[in-house]
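There are two complexes below, and they share chain A, which is joined by chain B in the first and by chain C in the second.
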Partner chain A sequence: MLLIILLIFMIAGSIIALETKNLLSAVIAAGAVGAGVCICFLMLGAPDIAITQMAVETLSLVILIRATISRDLTHITAQREAGGLVAVGVFMAVFVLFSTFALMEIPPFGKPLMTVSSYYVQNGLAQTGASNIISAIILDYRGYDTLGEATILFVAVAGAIVLLRKKGRKKAEEKDE
Partner chain B sequence: MNDRSGMTVIVKTVVRISASLILLYGAYIVAYGQLTPGGGFPGGVILGGAFILLCLAFGKETAFRKLSVNAASVLDSAGALIFLGIALSGYAWGVFFLNFLNKGIPFHLWTAGIIPLCNIGIGLKVGAGLFGAFIALTAFRVVKKGD
Partner chain C sequence: MMLIYVLCMILFAIGIYGIVVKKNLVKIIISFCILDYAVNLFFILIGYKKDGIAPIMMPGQDKAQFVAQTVDPLPQALVLTSIVIGLGITILMVAIAIRLYDKYGTFDVMKMRKLKG
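For the complex of A and B:
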């Protein structure tokens, strides 16, 4: 029941973030949606994901406000086009129709336990020695995936620092334009 | 704390007390990742958040005295290389990402072989990397031609 209230709260926050004219209000509404996602994860029994969501949400909110809002405060004055709204409504109706058919077929949440996950739950502690099964999966069984994620973050940060730094580095024999 | 950069004295006092506690909490999340919920990624984000808090409250010069951009990029690369090195050293025993260390007794701190080391590497990488990205997006000024 509380989950449904949270979902309605998050949907309302998303619509506010889309429809408001002020960029700062949009960023804060998106942050509220992130906090709702965090509480949903906590209620579904996933504290690892909840901690990660909370930390990343807070930090990205700070970065968004500091990096974009403090530079130029944008007020959107243009009206939304009616044709676009109708097209979005039609596509959303089709999507909801077909996803309702699809969602009625999937098994209920958390059961039955799949073959792979039941293997992890039964043998994870003995094979890896980690009492946190999430750590055992993401760093031992699925370590290759985590290496890929770390590579993506590394490339993104390296690109940001290289593109936005103050002075370029250049060899001495090359001349300035 | 007489310099005029940063925010008001209330914010500075609160940050002076709470920044070290936030750092300690991030280190706890990283170090106990194999026992309790948490791990390298959220712990690293909290570690980076402590330095971003310093940078917001005291101005960027104070934050750069604690952790300069060059040190952040070195730590970022070091964390990535630690993680990759652990993954590749599994080849010495035959398999990529082999958990080659002693598993230890469950529910103790130094257990689970390579998992705590991987957590420390990822925590360094994520914390320093997010601090570097924040600095790159906010503190670097765009210099136009002719300025």
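For the complex of A and C:
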């Protein structure tokens, strides 16, 4: 019951974030949605995810405020042309159709389909020695996933550093533009 | 209790709407973050067991009871990866948005005409 109230709060926060005129308040409303997700994780029995979500949420809020503060304060009010709106209508219809099919197939709330993970839960402590089953999965059973994650994070940060660098390593005679 | 899945889908749909309709680059980035939250939350909701406990084995706990009560750990492990990757994506998008602002002086995507190929 509390989860439903929290989800409604998050939906309201995301609508405010998308429709408000001020960019800074939009970013802060998005941060409220992230904090709501964090509390949901805590209530759903995932404390590890909640800690990670809180740290990531704070960082991305800081980064987004860095992007918006003291920039573009003129309001962009015009919507996109009619083609985009028709496209979003068609997409919403298709999305509702497929999500109806999907909601009929998935197991009901509170009864998960634990096929692979029952093996992990039963043998995780004996095989890996980690009492936290999530760390056992991340760092042992699916270690290659974590390697890929580290690679993606490295590439993203390297790309951001290259983009934000003030001066490129160009020769003096090559003029920009 | 299908209502909670439906609310999560509504959050996802709001993210899609923002990405397609909004013209401000920062609003598009925020919509992407909301989309990310909705997908992560949906995975955790699927793995939830009623009156479940976190999948961390306490010392002295009965193993059979732990196996019967714990929530699904596999979606949680994957979502942990997904959250960190989402942070990387957000950083890259904000960097590109700051660069575009320096070049064009606006966040309005309709005014960035030179990008048309």
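Everything below uses one rule, namely that the second predicted complex is superposed on the first by the 135 of 177 C-alpha atoms of A that agree within 3 Å, B and C clash if a C-alpha of one lies under 4 Å from a C-alpha of the other, contacts with A are read in each partner's own complex, and residues count from 1 in each chain.
Definition applied: a residue touches a chain if its C-beta (ideal position, glycine included) is under 8 Å from a C-beta of that chain, and two chains touch if they have at least 3 such contacts.
What you are looking at is a predicted structure, and each value in this text was computed from that prediction instead of being measured.
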Partner chain in contact with A:Leu164 - chain B first, chain C second, else both or neither: both
Which of chain B and chain C A:Leu153 touches, first, second, both or neither: both
Which superposed partner A:Leu59 touches (first chain B, second chain C, both, neither): both
Which of chain B and chain C A:Asp48 touches, first, second, both or neither: both
First (chain B), second (chain C), both or neither touched by A:Leu18: second
Contacts of A:Leu85 with chain B and chain C, given as first, second, both or neither: second
In the superposition, chain B vs chain C on chain A residues touched: C
Contacts of A:Gly129 with chain B and chain C, given as first, second, both or neither: first
Touched partner set for A:Asp140, first chain B, second chain C, both or neither: first
Doubly contacted chain A residues - partners chain C and chain B: 47-48, 52, 56, 59, 63, 66-67, 125, 131-132, 134, 138, 146, 153, 156-157, 160, 163-164
Chain B contact footprint on chain A (complex, rising order): 47-48, 50-52, 54-56, 58-59, 62-63, 66-67, 70, 125, 128-132, 134-136, 138-140, 143-144, 146-147, 150-151, 153-154, 156-158, 160-161, 163-166
Chain A contact footprint on chain B (complex, rising order): 29, 33-42, 45-46, 48-49, 52, 56, 69, 73, 76-77, 80, 83-84, 87, 96-97, 99, 103-107, 111-115, 118-119, 122, 125-126, 129-130, 132-138, 140-141, 143
Chain A residues touching chain C - in the complex, by the definition given at the top: 3-4, 7-8, 10-11, 14-15, 17-18, 23, 26-27, 30, 33-34, 37, 40-41, 44-49, 52-53, 56, 59-60, 63-64, 66-68, 71-72, 74, 76, 78-80, 84-85, 87-88, 91-92, 95, 99, 103, 106-114, 116-118, 120-122, 124-125, 131-134, 137-138, 142, 145-146, 149, 152-153, 155-157, 159-160, 163-164
Of all residues in chain C, those that touch chain A in their complex: 1-11, 13-18, 20-24, 26-27, 29-31, 33-34, 37, 40-41, 44-50, 52-59, 63, 66-67, 70-74, 76-81, 83-92, 94-99, 101, 106-108, 110
